[in-house]
Structure formats: C-alpha cells, structure tokens
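In the two complexes that follow, subunit A is the common piece, with subunit B as its partner first and subunit C second.
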Partner chain A sequence: MKLLTHNMLTSKCLKGVNVGYPLGIVAKDVKVLETEFNSEFVSRIIPKLDWDTLWNAADSIGHAGDLPRAVCDDYENDVEFLKKVHHVLVEVEVIEGELVCPESGRKFSINKGIPNMLLNEDEL
Partner chain B sequence: MTSQNCKKYLFWFANEHVDFRLPEITSIASLFNINIRWLEKPNQHPYWVVELPSEKAARQIASRSVGLRSCMELWAQAKTEEELHKNVRSYPMELMKPYFKPDLSFKISVETFCNRQSQAEKVTKIESFSYLPLEGPVKLNDPDVCLQLLEYYGLDSNHIPEKPYNLFFGRWCLLQIADGQRDVITKLSLKTRKFIGNTSMDPQLSLYMANQALVRNGDLVLDPFVGTGSLLVAASHFGGYVLGSDIDFLMLHGKTRPTRIQQKKHRDKDESVRSNMQQYGKDNQYLDVIVADASLPLWRPSFKLDCIITDPPYGIREATERIGSTKNYQISDHHLVGHIPSKVEYGLQQIYQDLFQFAAQHLKMGGRLVCWIPVVRDDYSEDKLPMHPCFHLVANSEQALTTYTSRHLLTLEKVQDPQMEYTGSHVNALMRDFRAKFFHYGEEHRKQRKLRKALAREAYMQAISQREEDDGNCVGQNEDRDSSSSER
Partner chain C sequence: MQVVYVMVANAGLVTGLQQEQLLELTLPYGGVDSIIMLPGKSYCFLIFKDVLHASRAYVSIHGKIKLTPNDSGPLYLAYAERVPEFSHSWNYYQKPPGLILLEEFVTEDEEESLLNCIDWKTTDSHLGQTLKHRRVKHYGYEFRYDINSVDKDCPLSEIIPSECNFLLDRLKENNANVLSSFPTQLTVNHYQPGQGIPPHVDTHSAFEDPILSLSLGSSIVMEFRHQIGQMIPVLLPRRSLLIMSEEARYAWSHGITPRKTDVIPTQSGDLTIQQRGERTSFTFRCIRKGECTCVYHDQCDSYKKKNSISKVHIIDDVLAAQLESLHVHEVYEEIANHFSHTRHKPWPNVVSFVQSLPFGSLLVDVGCGNGKYFGKKTGIFEIGCDHSVGLADVCRDRGFEVFNCNCLSLPLKSEIAEGCLSIAVLHHLATKERRLRAVEEMVRILLPGGKALIYVWAKEQERYKTQSSYLKQDRKNRKKVCDSELKHGQQHSDASKSKDTTSNKASSQFPSLPIHTNRTQFQHQDLLVPWKLKVAGKAELDKTTEASHLESSQEVPTFYRYYHVFQEGELECLCSSVKGAKPIQSYYDQGNWCIVLEKI
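So, the complex of A and B:
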C-alpha cells in the first residue's frame, strides 16, 4: 500500500464510525522501490492531498525523510520538492502491516501490499 | 469549398465493433480539441470521409484510436475508374507537388476491400496513375510517400460486384504501423497476459473504454470491480495512474483456480494486477488495489478521480455479492480470526445505483464514468437505461452477448455535484431480474432445443422404419438381402 492511497482511505464503512480518517499505520514490512518520476502527475496530486496526514503517515513508518511539513508555494516549478513528494507518495510501500481505525481501533490487515478493508457481517 | 486549411481525409476502420466507432472518434477528437467534420453520416461502411483542420489532427486521432486501421489524405473519390482519374487530375497540383519532389521516394499501393486481385491487375492499376509527375525513386519498403488506391467492393464476400462501388485515391498519413494503435491489441493480448480470469476484458474493448473515459497522462483512474485489472492495463497505456478495488480477496491475491486451459492446477506465485502492469512496463503507474466492498464507503468524500472505468459483475459468470447476512448475530472473538464474511446477493439494480452515486461523489467535474450494463434485448430501449441527475449520457454502444441478451457500453460525463441523497428512482426495471431473465430465456432456449431434437429423432426413426418396410417389400426381388435388416 502506498502512502498516496493511505491518504484517501477511511474506515467509514464501520457501523458507528463518523469520519474514520486518518487511519493509523502499523508497519511490519516496508519496501522502498525507485519509480519513474512524473512531475505532471505529482503536481496534480498535491492539491488533493491532506498534507498533514501524509507527513504524519510517512513519519510514523520512519520514512518522512526531509519532506517539508508544509507545501511550499509555487510547488509546480520546484522539481526538488516534487521529487521528495514523489518519493513519499509512491516509492514507499507498506507490504505487511495494519491500518487502524482512529475511532474504534479496529484493525485492517495489509498483506502483500494489498489492504483488506472487508468487514464482518456484524460490523455493518 | 471550405476554409483553406481544412482538407479531406479518409478514415479506414477495422471491420468489427461498428457501433463503437463513432463514440471513440468523437471522444478522441474532444480529447485533442479537434474540430472534425463528417462529410457523410457515419454508417456501416468501414470508411468515412471527414474534414480535419490539419494532418497533425489525423495523427493525433490515430495515436489513440483502436478502431482505426489507417488514414489517408483524400485526393479523389469516385464511383468509376474513369471518374476517379478525372478527379485526381483536377486535384490542385500545388497540394500534390510537395510529395512529388525528386528527393522523396514513393510507392503506389492498391487495396481492394472485400475482393482479391491478381498481381497483374494490381500492376495495371498502379500504371494507370503514370500521368502523375512523380520525380522521386520508387521504394517499396518504407518509402517517404505512400500513395494509395482503395477499391471498395462492399461488405458481403458472397456477393462481390464486378466493379467496385467506390474508389478512393490519396496519400497515406500513417507512415509507420506504430502510428496507429492496432498493434497494441496484439501486444496486450490476453493469450500472453500474466494474470487473467473469467471476466478479463479483451484488449480492444478495454482500450475503447479508456478512450471513452478520456484518459490522459497523469490521470487518476479507478476500477471499483477490478478483477484481474484488464481495464487498468488499458488505462495505463494512455498514461493513467491506476487504482482498483474488488470484494474477492482470493482473486486479488492470485489464489483463485486458473481459468486458462492448461495443465497447471495452480496459478504462478506472482500473479496479480500488479504483475500485469509490470509485464507491460507500467509498474510506475500502478498505485494500489484494495480488497473492499464497492457498496460501502471507502474513500474520503473529497477524494476526486479523473476517470472511473469498470465492468460490474452481471451475476452470470461471477457472483454479485456484498458483505452481509440475513441473520442478526455477533461473531464471537475466537471465531473472528480467519473469519471469511458471508455475503448476500447484491442486486444488479443496486449495483448501478451505488456505482452512479459513487461516481457522482468521487469524479471531478467533467470526469467520465465508463461502464458496461447487461440488458435483455426484448426489454431494452434507451430511455429505460439507469440514469442519474449528475450525469449526461455521452455514448451508448451495444455488443451482443447471446441471441436474447447484449451489453451496452455507457459513457457518462459528470455535469453537476450531488445535491442530496440520491434515491435511485432513475434506476428502473430494466436492471431488475436480469439474472433471472438471463437464465429463464436460457432455460426456454434449452427446452426448445431439446424438443426440436426429440422431434427430429422421432422423424428420423419413422423414416428408417418406413425405408425398412419398403425394403421388406423388395425382399422377394432380391434374394441375397440380409433378413436381419428388418429387425434393426
């Protein structure tokens, strides 16, 4: 699971949960894989991100690196900045671990990089 | 005639999926902001004459279109050979001359659609153009300029006319095969794909869908019923960054029974949506797949996608399910670990209701939802299709499935944000009972076939016994006839 995806996921499917965001991450295996940088893609994603969630998520798994705590102005033209964002968004992957609902504590497991958000029948 | 920059072009299409051509070309034209003018209403013929603002526009369309086989700058068209030559001679010389220069190699080729020609015939036809003042050298392989005579003999190979119905002459715009997309279909063939399943979409149709969704470089694309990811493969081909979700845990982990006819009992260890993306060099565009129930909220409300491309389950070859139970109970803790949640049927009507609502919420304004919808043909009419107030129906193309059912590819464009809770009143009876009807008709069909076979068998037995009777009457005339024949 990439941190870009984590930035968008919630546990709102659970009965009784109001927002279910952001999900906590318990990482057992994290991989870093170098991926082709596409500045257009990164520039367009940045306004969609919840920046604090991104930074905190990266930090919680020890991969915040030198990612700034806030988005800089004119980020579209700052290639260095875009590359740092690219790294955290798509190059860091949680392969084994868990996502944790912030309201109920319910855990969703991540196996082989794929999060399992299925609920049990009594949780709907 | 027309504005000075617009020229006539001939689009030549592959002879299949006719209903999908116009939507595809229209979508691509809007993607590149091309003003395309149809000189005749698009029809069943595999050729269309259009007006385009430039050759660049032709190349742009060819760079995306899966249905287009080739494109030529049209210099002349006619119904007879004589008329064609007359029209070629009257095409403005200043438009032809740039291609006749001595430093440009050329060749003239002849294509006959739905007919054969001998080498001698071909040569005669080529020589009939010798009046053209071509100064460059002839080069058969990869020339600078390729002029083409196209003869159209209709669509019925059983009734080929003496003379072609239409003749076209012009200059090929696509100099390399790579300029078109037809070879991509082979490249992405399911036969060679790493991870496939029962419902993997064939490359041509999945590429159509990606074109209909206007996938652009850097777009965020989701398939909420991702299966083996065949639609995402197509989206990534046009530059999309892809996400998928599916309720089937085993499927996404590549642990379902293999569907290929082969000796192996198990799939390879690394079969997955991701492995498909890796196979085509698109791993950097693979974001994630998630095991999730598409009927439940998963993403934060402000998450916006550029495109949603999907083929929901129809309930025929795969189950339509969501998490749930008709019972009301609590699962005790020691049962929880390893519990596989039970599922209830997820009605087709409900699937589309949820999908449309989801798309209305999570698509950007102007973003497109492209999805298939199965229908029983007898019941179908366009006004019965499920609709949603946030969407405008851009295109609707049919593909036959069986004699009594087909599926429609819908292209829906988001035109407004959801205002209030959608009650789904627009999703109507068309969707209801599709699965029941599918099997009902199938059952009827089978019953009729059985009856027909039984009647045929009876008739055959009667004919046999009649013949034996007749033979029996001849016994007296033919003494060496085997007496046991009448016992059969």
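So, the complex of A and C:
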C-alpha cells in the first residue's frame, strides 16, 4: 500500500463512525521501490492530498525523512521538494501491517501490500 | 374419391419456402386441397382432391421444374400413403375455443366513415407512431411496447372517436352480448401489404376479456398458436368483427405474418392465394382494474408475478447479500486464476475512456479484477479495489495499487477522483437498491466534472442483427436454447461428486434461479451462469466473458455465478435516480449496456 493510497482511505463506511480519517498505520514490513519521477505528475497530485495525513503517515512508519511539515507556496517549481514528495507518495510501500480506524479502533490487515477493507455484515 | 398425398422434396420450411410459392406453381393444375408444411424439414406435402389432379401436377413438375430460378435442382415429387400428424393444414371450420367471428359487422359506408375519422398526421407525434411493421395509434390509454402493457395512471387526451359509439348496440343486434360496458381503450393498426404483427398474447393484467377487433379495408389471415404447437389460420373478412374471448384471448397467441398474400380456402374447399390490400384494424379493449385471475397460468403475467415463477424477486437485502456471497464472491475466489487468464484483452472503448483522463488524474477501478485497465496511460494514478482477494493478488503482482472492499461501501474519501470505472460489476448485485447504492458510491468519490464509466451485461446479446462475440463463440448451441429451471439435485449430481465441494451446488438455497446455457440468448434477467473451471494447463484465450470449451465431464468442477442482466434502457433508468450526476453518453458495446456519468 502506497501512502498516496492511504491518503484517500477512510473507515467512514463503518457503522457508527463519523469521520474515520485518517487511518492509523501499524507497519510490520515496509519496502522502498524506486519509480520514475515526473514533476508535473507530483504537482498535480499535491492539491488532492491531506498534507498532514501524508506527513504523519510517513513519519509513523519512519520514512518522513526531511519532508517538510507544510507545503511551500511555489512547490510546482521546487524540484527537490517534488522529489521528496514523490518518494513518500509512491516509492514507500507498506507490505505487511494494519490500518486502524481512529474512532472505533477496528483493524484492517495489510497483506502482500493489499489492505483488506472488507466489512462484516454487522459493520455495514 | 380418395384424396391423394404427394410429397414435395427440395421445398420445405427449412429451404425458406413460403406456401404461396408452391401453390402458385401447383394451383394451375387444380384440385389442391391442402398443403402441409413441417417445421425444420426441407420437404412438404400436398393433398390433392383426386388422382387426376395429382397426376397432372406430378407429370409436369417432378424432376422438371425448379421452384425458383436460383435453386440448384428441381422439385421431386412422390406419392405418399399418408401424411404426418402435425400439420398446418387449413381447416376452415376449426377455431380456437372462445373465438367468434361476426361477418359484415359494419356497412361499407360505416367502414368509410371509420377509416376517415383517424387522423394519422397527429401533432402529438409519439401517439401516432410508425413502427417497423405497421402504423399504430392509441386512444383512451397508450399501449407501451417497452413494458408490453398499459400505464393505467396515464390516460390519453384523445378519447375513442364517436364514430365507434354504435359498437354495443351492434353487438346486441348480432346476439353477441360479450361486453357489459363500452371499451376504454382503442388501438388502430394500419397494415400495408407485406406488414404484419408478431405473435403475441395481449397482456392479461392490462386488459379484460374479451378483446374485439374490427377489420376494415381488406381481409387478412390471422394465425393463432397454442403453446402445445397447434397453429390455426383464421380468415378475417373485410368488415368483420373478431371477438377473442376466454381461451382464445388468454391462452392462444395471435399474429399476422408479414407477407403480401394469404393462402385461403375457396368455396369448393381447395386452396387459393389472395392478395392483401391495405388493412386497418380497430381493436377495442377494456382496461383491467387490478390483477388478472384467469386459469391460463402459463400466459398470465399476474399469476407469474404473484408466484415468482419466472423472476426472482429478492426484496430482502440480507438474502441478496447471501446470494452474492455464495454465487459471486465465493466463486471468484475459487476461479480467480483461471478467470484472470481469460481476462487479458481490454475493451477498446474502456481503454479510450481511461486515456481521455487528464494528466495527473486519479482513476479508481471499482471491481478491478486483475487490473486489466491499468497501465494504459502515463501520468495518472490508478487505484483498484475488488472483493476478491485472489484477483486483487493478481492485480498487485502486475504492479498496481489495489485493496479489498465491497463496492457498496467504498472506504474512500469523497470527491477524490477524476475517473471511475465499473466494468462488469453491477450485474452481480442482486437488487435494484444495491445496484443503485453502488452507482451512488462511485459518484460520491468523483470530483465535480469527474466521469464514471459503467459496463453491464446486456440481456439482448444480439443487436442490429449482429451477434455479440459471446454468442458467436458458440459451436454446439447454434439454436436458441431455453434456460433450464434448476431441478433439485438432478443436473448437478455430477458436480457434487467432487470430493471437496469446490463447485458450489447451484443453489439449493436459490432454487428458483434459472441456469443459463452458455453462449445462447438470455431468457431471463436474473440467472445463474455456469463457469467450468479449467485446471492447470494452457490458458484459453477467450475474447469474451465465458471460458472453457471442455466437454462436460464429471472431473470438471462447475461454478454458478449470479447475474442480473440489464434490459435496454435499464441502466440509464437506474442512473437517472442518482443525484449529483448526469449521463453524458450511453451505448451498446459487444453485448454490454454502457453509460458514462458526469458528476455535477
């Protein structure tokens, strides 16, 4: 699971959960996979992100590095910044671990890089 | 004098023979009593009054004359001792029970005034439609061909013309007091020679008994068919009134074959050909209040609705979830690898949709399977989700982001995606409410201006006379084969022999779901479709949605997947209930109904 994906995930679909975001991450195995960098792509993605969630998620799995805590104004032209974002967004992957609902504590396992968010009948 | 039977070879229904062609050839010899055409045969029988006429025809035709110039060989005749039981032979006196014909019901003047009172050039264009076979106009209530019934809540502004007011009195004069009150619906059909109407039973729940039909302008032959195979042609003379009551109204279908001539009996009982003229029929019906309570259950939509015979009415959400669990989720888990092997050719229109997304987009594929539509465009971020752990694994192995979830509750934030796909997913949901919920979830995660593309399996597998590639695959099932109702345990005793029940027995829990025969037309909307699992071996490169041409064998586990196939217009109708999105394109693509929705 990449952190870009994590940024989009929520447990709001659970019965009784109001916000369900952001999901906590408990990582047992993290891998780094180098992928091709495209500055324009990263620039386009940044506005979609909840930045705090991204930073906290990266930090919780020990991969925040020197990623700034806030997005700078002129980020489209800051290639170094964009590269750091790229790394954290798509190069870091949680292979084994858990996602945790912040309200209910419900855990969703991550196996082989795939989060399992299938709900039981009573949770819908 | 004894009748003489003559068999005619090289001329039969299978060769495309029309009765009229053969009669045109043989009538000049005289004495043709009857002609017997047999379904599926390339020969037929003539019955001659006597041996004199029969031998004249025999001597001139046998081995000498071709029926049409393009035929490869001539007709061969042979005398026969008897003819088959099953026949379409003309019997002038035979009529379906409940059929009454009142000849010269109106005068020539009345006929003219009735024909003149119909304004075909009406300003309300949808009320005076031109259908492919004939012109139609409705009064009182509109008959809706899409639902095969009447919208009882929507009366038309055009009421039945006053020229028809003589009807009840005229019936009394003819001692046919079949109507207690004046009809509430009139359908006027205008047939040019060569036009007809397919065989049908008037919808039981829409109209009462009887139904009256006045023939003006020309006579015609109407064919009545009963389920058990009998066909009775009935000559409707000009200005006659046909009364279809009881069994004739409820259990026999009636239709007019589109052709320019009819075969009719003459005074002396033998056959002749009559040219058709322009015929206008006035069909009077009484709209039924409530449901039909007749005894002819096989043709009764009210009875079938009440007893859930041809449809599965799953109202219960819990039951729907169980059905999907057993006949969708579990099956895909079992067949994941085999399924994935057969799913590597993406549909071009879906690929175009993906490629139309702007650079920097987020694409979510709900029900992504093995990730068939990923990797088609650089510069977009793709997230797939699927219920199947097995298929998601394959997707992941191919290098794509994926997670598991149920499409009815997407664990995704709202308004995140420019593009969303739902390819061959909705048809696995067992109720309309669940299908609607799935679409609503997709719309929820779209950004304003974002687009969703939905593909579902169509009930209509043949479109514009072209068969879908699903049907074309067929080798053994060339003819349309009806689905078989599941008989408890019978058909699937083979499957249950496999030791570890990997093949789920088709539905001891859902016995009323019909089982589809692969690569044939769909007969129902809710059904189970078999999947024969191919175990380790070379993968079949199937282009469409069914795999495996294995001979049916006890070794092959068979799984049954639940589908709700969509009728034309149904997907559009479903999506029209979704707030916050509008359809921008809808089309038919290789056996699928497709729609593109845009978030407002």
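Everything below uses one rule, namely that the second predicted complex is superposed on the first by the 124 of 124 C-alpha atoms of A that agree within 3 Å, B and C clash if a C-alpha of one lies under 4 Å from a C-alpha of the other, contacts with A are read in each partner's own complex, and residues count from 1 in each chain.
Quick note on the criterion: contacts are C-beta pairs under 8 Å (C-beta built on N, C-alpha and C of every residue); 3 or more make two chains touch, one makes a residue touch a chain.
These numbers come from a predicted model, not from an experiment.
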{"item": "First, second, both or neither for A:Lys48, with subunit B first and subunit C second", "value": "both"}
{"item": "Touched partner set for A:Asn120, first subunit B, second subunit C, both or neither", "value": "first"}
{"item": "Which of subunit B and subunit C A:Tyr21 touches, first, second, both or neither", "value": "both"}
{"item": "Partner chain(s) touched by A:Ser60 [first = subunit B, second = subunit C, both, neither]", "value": "neither"}
{"item": "On subunit A, positions contacted by subunit B and by subunit C", "value": "1-2, 4-5, 8-10, 12-13, 21, 38, 40-41, 44-45, 48, 90, 112-119, 121, 124"}
{"item": "Residue ranges of subunit A in contact with subunit C within the complex", "value": "1-2, 4-5, 8-13, 21, 38, 40-41, 43-45, 48, 90, 112-119, 121, 124"}
{"item": "Residue numbers on subunit B that touch subunit A, as the complex places them", "value": "217-218, 220, 241, 243, 247, 249, 252-253, 272, 274, 283-284, 287-293, 296-300, 302-304, 323-325, 327, 329-331, 336, 339, 341-342"}
{"item": "Residue numbers on subunit A that touch subunit B, as the complex places them", "value": "1-2, 4-5, 8-10, 12-13, 21, 35-36, 38, 40-41, 44-45, 48, 50, 90, 111-122, 124"}
{"item": "Residue ranges of subunit C in contact with subunit A within the complex", "value": "318, 321, 359-362, 378-379, 381, 383, 387, 389, 392-393, 396, 401-406, 408-413, 416"}
